[in-house]
Amino acid sequence: MTTTDIETVVQADAPAKRAGALRRLLRRPLGVMALFILASLIVLGLLEPVLNTHPPTFSSLQHVNAPPGTPGWPFGGDQYGRDIWARVLSSINVSLISALIGAGVGLMVGVGFGLIAGYVGKRTDAVSSWVFNLLMTFPSLVLIIILFPVTGGTFQSTMVIFGFFLAPGIFRLVRNLVVGVRNELYVDAARVSGLSNRRILTRHVLYVVRGPIIISAAFLASAAIGVQAGLAFLGFGAAQVSFGAMTSDAFVNIYSQPVQLVWAAGFLALLNGSLVLLGNAYRDALAAPQATVKRRPRRLLGEAVIKPAVSDTPSSKPAADATSGLLTVRNLWVKYPQPHGSEKAVVRGVSLDVAPGEIVGLVGESGSGKTQTAFSVLGLLPKEASVSADALAVAGESLLDKHAGAMRRLRGSAIAYIPQEPMANLDPSFTIGSQLVEGLSAGMSRREAKDTVLQLLARVGITDPVRTFKSYPHQISGGMAQRVLIAGAVAGRPKLLIADEPTTALDVTIQAEILDLLRDLQGEYGMGVLLVTHNFGVVADLCDRVLVMRSGEMVESGNVRSIFHQPQHPYTRELIASILDEETVRTDPAPGSARTHEEAL
Amino acid sequence: MIIFLLRRIGAGLVLIFVVTAFTFFLTYGANIPVARNLLGNSANAEQIATLNAQLGLDKPIFEQYFRWLTSTLHGDLGTSYFTNQPVAEALAARLPVTLSVVVVASIITILVSCALGVASAARGGIIDSILQGISTIAFVFPGIVLGILLVFIFAIQLQWVPAIGYVPFAESPSAWFLSIIMPAVVLCIGGIAAMAAQVRGSLIDELGREYVRTLRSRGTSERSILLKHALRNAAGPALTTFSLQFIGMFGAALFIEKIFALPGYGTYAFNATIQGDLPAMLGVSLFGVGLVVVVNLLVDIAAGWLNPKARTS
Amino acid sequence: MRTKLATRAAAVTIVAAFTLAGCSSGGGSSQNNAAQVDRTLQLAITAPPSNFSIGNWSGGDATLFNSVYEDVLGFGVDGKVEPGIAETWEYNNDRTQLTLHIRKGMKFTDDTPVDAQAVVASLEVARKGASTSQNLSAVTSVKATDGSTVVVALSQPDAALLPSLASTVGAVGATKVLTAESSKLEPVGSGPYVLDKSQTTVGSTYTLVRNDGNWNAKAYPFKKVVVKVIPDATAAQNALRSGQLDVLPAAGTKETVAQFPQSQFTTGENKATAFGALWIVDREGKLVPALKDSRVREAINLAFDRDSIAKNLTGPGSAPTNQVFSPSGQAFSKDFLSKTPFDLDKARKLMAEAGYADGFTVTMPSTPVSTTFESTLTQSLSDIGIKVKWETVPFQDFYPKVFGGNYGMFFMYNGYSGSDAQDVKASLSGIFNPNQNTTPELQKLLAAANSASEADQGAAFRAVNNYLVEQSWNAPLNSTSGYYVASNKVKYTPPVSYGQNVKPYAPADSK
Amino acid sequence: MTALLTVSDLRLRYPGGGFRKPSPEVLKGVSLEIAPGETLGLVGESGSGKTTLGRAVLGLAAPTGGSMVFGGKDITRMPQRQRRPLAQDLQVVFQDPYTSLNPALQIADILSEPLIAQGVDANEARKRVGELLDRVQLPANAAERYPREFSGGQRQRVAIARAVALKPKLIVCDEPVSALDLTTQARVLELLIELQRSTGVSYLFITHDLSVVRHISHRVAVMYRGELVETGPVAEVTNNPKNEYTQRLLLAAPTADPDRQRERREARRQLLAAAG
């Protein structure tokens, strides 16, 4: 079970209400605020003819540098006696038009070509990607400035050009999304169903790119506004009323009339800020449907500490005394916080034991809590999980309330872990050797550590340890990678090995080899093994004892033969019955072949 | 790798060629009355015609372009119409100014944004909120205002740094640093926010990956997981963001140069443009694109170095 | 006309850069007794000089140019012509021949002698030069009669000749490099300073080192002058505040300079340096027929409340004017202001009489320089029925568009040269008179003024002034002086005209 | 014999690779036949080319050689447009029920999509959705819900319903049960067999799981590195494999009985020892 599975577990009974991204956006204070500011500014801009006290270029000689609040000059006058309020209103419109043009052109070009390139692929994709990459590397501001004589300097035409420079980002985004969608199985299914390309694009592809496009539109708009203002600040198109020109005017006056800078810069900041915040809030709303969970600050580093059980988690069985076994778990609970403040228990009062040198299989279907149980023992559950138990001990050492450092030392030595997906569990940026050497406990010289690792690699059946030592993960096969991970796990001579579906991602032939290796190593090191799996073949091959879990509870445990031959619990019986019998082979004839048979007769 | 580099260099040359040709034909098409602007108010038609002939502006456009291209290939970018300074010489004097600012700003950006991003990803909570706040403010807070504020405090009140101008490194490294540190700080504020957010996001992605859990299962320290493994893997996406940042800063340097009166590439581009100084404009676009090509190449090399998959295949 | 977009800041700054042809150097008081100190003077200019080649000086701040070259004549701080390379000079009776007596023993910085031949050579180049030929258009020949005498022959008397020779037009450079390519950036003159190439970065910093061989070197107290290019007005102010500049001769408005603490800075008002005017160039009515009618032009003049403009729009440091002559000169008359009072009723009546009771529409170019005045212009003109359509003109297109006859009128500044003769000449040529309009009366008045003796010139040019005002030739609105700020280390004496060598600057501790 | 699908000497190489080093061939001349109403199980390990073969039949991958004839028509290089009517007869069920259904669409839309694409009236299509849900034993109120509200097994039933909506002659099943839990897997297989019996549809059933193959297939084809190494009736191939790779494959799969698994392990070791 991977992290995504954990999330599925967490979300499993989240209310099925389908709050749209927009509604989720409105639940965020920042989003609402940004939306409100933006809407107000747009309204101000639209109502300019009604609201403005003067035309923006009107100047009254009596109102040069008039203070704010002068009747008819709410924000005062600038150094030429122009009404700052009227100029602000007009500038809002200029900014909004800039945003519309810049973002509009950027979106049209970027989305249009992105859709085509992503969906058609092949040469179209190659050519347009090349062109847009080229466009992306243009120093756009410099080129816009250079093209100033060509555009005639109106902000509209400048924004059209700038729109083209904005397009590559959108193009990349849309193209990559579309390429992703194009490879989705549901698009394949639609194609097989005979849908036309146009229909697939509109029905399946556009839906996916919609959200990201809205988000980038907000950022593009803010970029366009910024560039327009910046150019005007520099003096390009200075005759046009705009925030840039206003800022520039105020900049000159900065020492005598600093308040004038507040209007221009302030409104510009409001406009840009609301766009960016809106984009961010919408992105968050899209990304995290149950983002209210975030109430609790999420620490990404560190793991959940296992707490002693408290009274609100009643023991299903009376707490047994800690046995002298290798692993002792009594009344383990794992809970995750839910969006509405409640907690969901994914492991409910599980107790289990692993004796030294014993291989115990932990079976169950997805969502049964078997992986959560295993990770509890490793102390590797995410921080937001709350874990409690009456007893949890490895080799007599209690893990309850153990702080991170002590858990880490324990993991480096007494407990080891073999994951499911071998490739995903190796750091792609480091050589196999360096990753394994790092895992070895300190006190060993680099030379010794390297020798040890090479020996280990040889031990796990890697034919050319030296070469593998120097290789990067992508240079070795999945089966090899799993051997490397096993080597890493047993390097510290652990007493307890926790293997989470160690062969599920592998082909059967490789699986057989890995199972052999695990059995050999277990015998050699005398490790106790807790093997999490859903494959009864693997259980039959490796395990001494089996524990069956369902919905976070332990339903049955017993000797491997008794579980297979005399399952007690109805669920176990159902599981065993579901195993496809090797003896039964489909015998009913195919109607078609039967007909051919008749025809042959 | 070598083939890859050669291909990138080739593509870069094509890019340079395309952009300069683009600039040439467009600016030519804009029909800027160069001679009139040069000679000013009192010149008569005859003097203008003479100057046009002197500058070769009476020749057909393709001939002019060919002349520019051949002389450029010989390393001669021509002479500015307006300052009468060889364009190459002017750019050689001005690029170091802008590059100093941009490079120092980049270094600050990388250091600070990595620190912020790491802290935010690792600690979350308050630091995360602070980062969000900073990035929002940085995004909306006009750099001009910040620039003015910094000048007022550090140059005028405290007199720790000069208010304007640039001192070449060769003249005095310490004066050089003082002359560019404020522009660099103003320039990198926005970039830091964006980069830190990027680093944070990538780091969070990396920390959620399975290999991190496996590293933990072997007792690897959180410090090593964060700073060695996760950061290394997060560096790739951050690098791409950085390259765009760098190019962006190069454009934004224009505003900074105005506020701090730095004789840089941006002001040169600005002047060339408003004067219609064709040779200077072409030189500007040549160097601008050339620089972008070089930066992208370096980023590609760095990305290749970071990504063993790209490096080993 | 260069790099002025960024200088829309202070009108005065713009004016400085806009001072078109014939920027003259006003002489500082020749402080012969000034203590020579090894101090460095730090100045700012808004745009770098494009070249130092004689005859091609394209305007802008002439500090560098006039410091490197010694001119034939010089300007005093009061605007009077003083000796330069020529120690003395005299006209013949009908003022068509000027004899210059060249100072002996002078040398260019390349050690070649500054003699009559050198003067002739430089003037011959200037006669052909694109930026100077117009100033010397009356000159028919320049001859050296001996090693130290130069005779300049004129086709007709030209009162502007002496001031021209005292300005960049009269610059004298080393004969060998006069037209050489190198002269564009490496001038060789005999002026008070030498451009130090090693400490100069073209386009950003220019360093002048005193030429102790100059005949008047004692008048220049600063051993070194560093001139920084700072296009942005606020940046320049910051530089001054932080001690990176010593003086800002055109710091801006009174309000701006008031922000400088008095404990560290001295501030003061400059002499009038330029004027802003609505130039009515289509006097033949080719584009805007109404402008042919002098009643319409008069109505335009009556539509402006010049006092308010000066008081409120341009503020302290500016004054109302309806004349193209400098208030510091002799041709200017305060009384003429009453000829065009702010009188909308009369203006509307004049419009009606001319047949334009409903007004008309006129298109004017909007440039960074005009923005200050645009709303006022729009407002005032619409009060008499004239609707203005502003057309944004990229800077580089301004001259060609005006010369191409695209506008009936436009707003622009013109700088005062310090000479009435030069001022009127500039106002009647180039973009300010692209159609070269004239009238027999005007010609007569100009001829009389040009041939008048020094003593009579003032009255004669005042007559020209009177004619131009009465005919509503243009609509000047506002003369401006602006304010300077100097650090307490430097004493600055505002000259009559802007665009000087460093004569106006002295260490504060000298007398 | 009138095979429904005849694949002859099919070769496929994915585009890409360099000028000197072409991309490897994924299918190296595969030939097989499927009769009407028959299930052909296609087994092989990852990278053996079994999924590619399925995609080639579906027109999602372009063959570089050989031919495919379906229902008498050559479909080897049929352009997309002409292929569309083929959807009536040729359908698919994919492995991953989480990505084979568009998360944005309601079940009703997902199920009516192929119908509408084939020109069925929208109202009529909507009506048929109910029948289809019933066919795959899902409640009728499932129609208004979204895929994420269902478990893996239920999603796979939706995918099956989509596949049978047009009453096709052949369904390519690409590992349809390998992502499902044990209990669910058995029930989905039952459903598939039931559908086959009632409609006479043929399956090209791609899987890596031999017990699944035994359960559902009439005949089995074993694929190894882009080639078919053994084909035959399911009992024959699984009980008495001729090919050495097939033998290895069979012995490598652990059986869910500790004692028999021990024997199988021994047998496998001997086989490997003999081979090695």
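Each chain gets a letter, A, B, C and D, in the order it is written, and its residues are counted from 1.
Operating definition for what follows: contacts are C-beta pairs under 8 Å (C-beta built on N, C-alpha and C of every residue); 3 or more make two chains touch, one makes a residue touch a chain.
If you're wondering where the values come from, they're calculated on a predicted model, not measured in any experiment.
Ranked by separation of Cα centres from chain C, the top chain is D. Distance from each chain's C-alpha mean to the overall C-alpha mean is smallest for B. More contacting C-beta pairs link the chains of A-D than the other of the two pairs A-D and B-C. A separation of 90 Å divides the Cα centre of chain C from that of chain D.
Taking each chain's centre as the average of its CA atoms, chain A and chain B sit 32 Å apart. For this pair, chain B with chain C, the centres built from the Cα atoms lie 40 Å apart.
Shared interface positions of chain C, defined as residues touching 2 or more other chains, are 5-6, 234, 394, 396. Residue positions 32, 148, 258, 270, 274, 276 of chain B are each in touch with at least two other chains. Under the contact definition stated at the top, the residues of chain A that touch 2 or more other chains are 148-149, 234, 251, 254.
The full set of touching chain pairs reads A-B, A-C, A-D, B-C.
Within the complex formed with chain C, the residues of chain B that make contact are 32-33, 36-44, 47, 51, 82-85, 89-90, 93-94, 148, 151-152, 155-156, 159, 162-166, 258-261, 263, 267-268, 270-271, 274-276. Listed in rising order, the residues of chain C touching chain A in the complex are 5-6, 8-10, 233-234, 237, 252-253, 255-256, 258-259, 305, 308-309, 311-313, 315, 366-368, 371-372, 374-376, 378-379, 390, 392, 394, 396. Chain A makes touch with chain D in their complex at residues 16, 18, 122, 184-186, 188-197, 199, 203-204, 207-208, 365-366, 507-509, 511-512, 515-516, 534-541, 560-561, 564, 574-576, 578-582, 584-596, 599-600.
By the touch rule above, chain A contacts chain C in their complex via residues 57-59, 61-65, 79-82, 148-149, 152-154, 234-240, 248, 251-257.
Contacts from chain A toward chain B in the complex involve residues 2-3, 134, 136-143, 145-150, 222, 230, 233-234, 247, 251, 254, 261, 265, 268-270, 272-273, 276-277, 280, 297-303, 378, 380, 404, 408-413, 415-417, 419, 421, 424-431, 435, 438-439, 441, 472, 474-475, 485, 488-489, 491-492.
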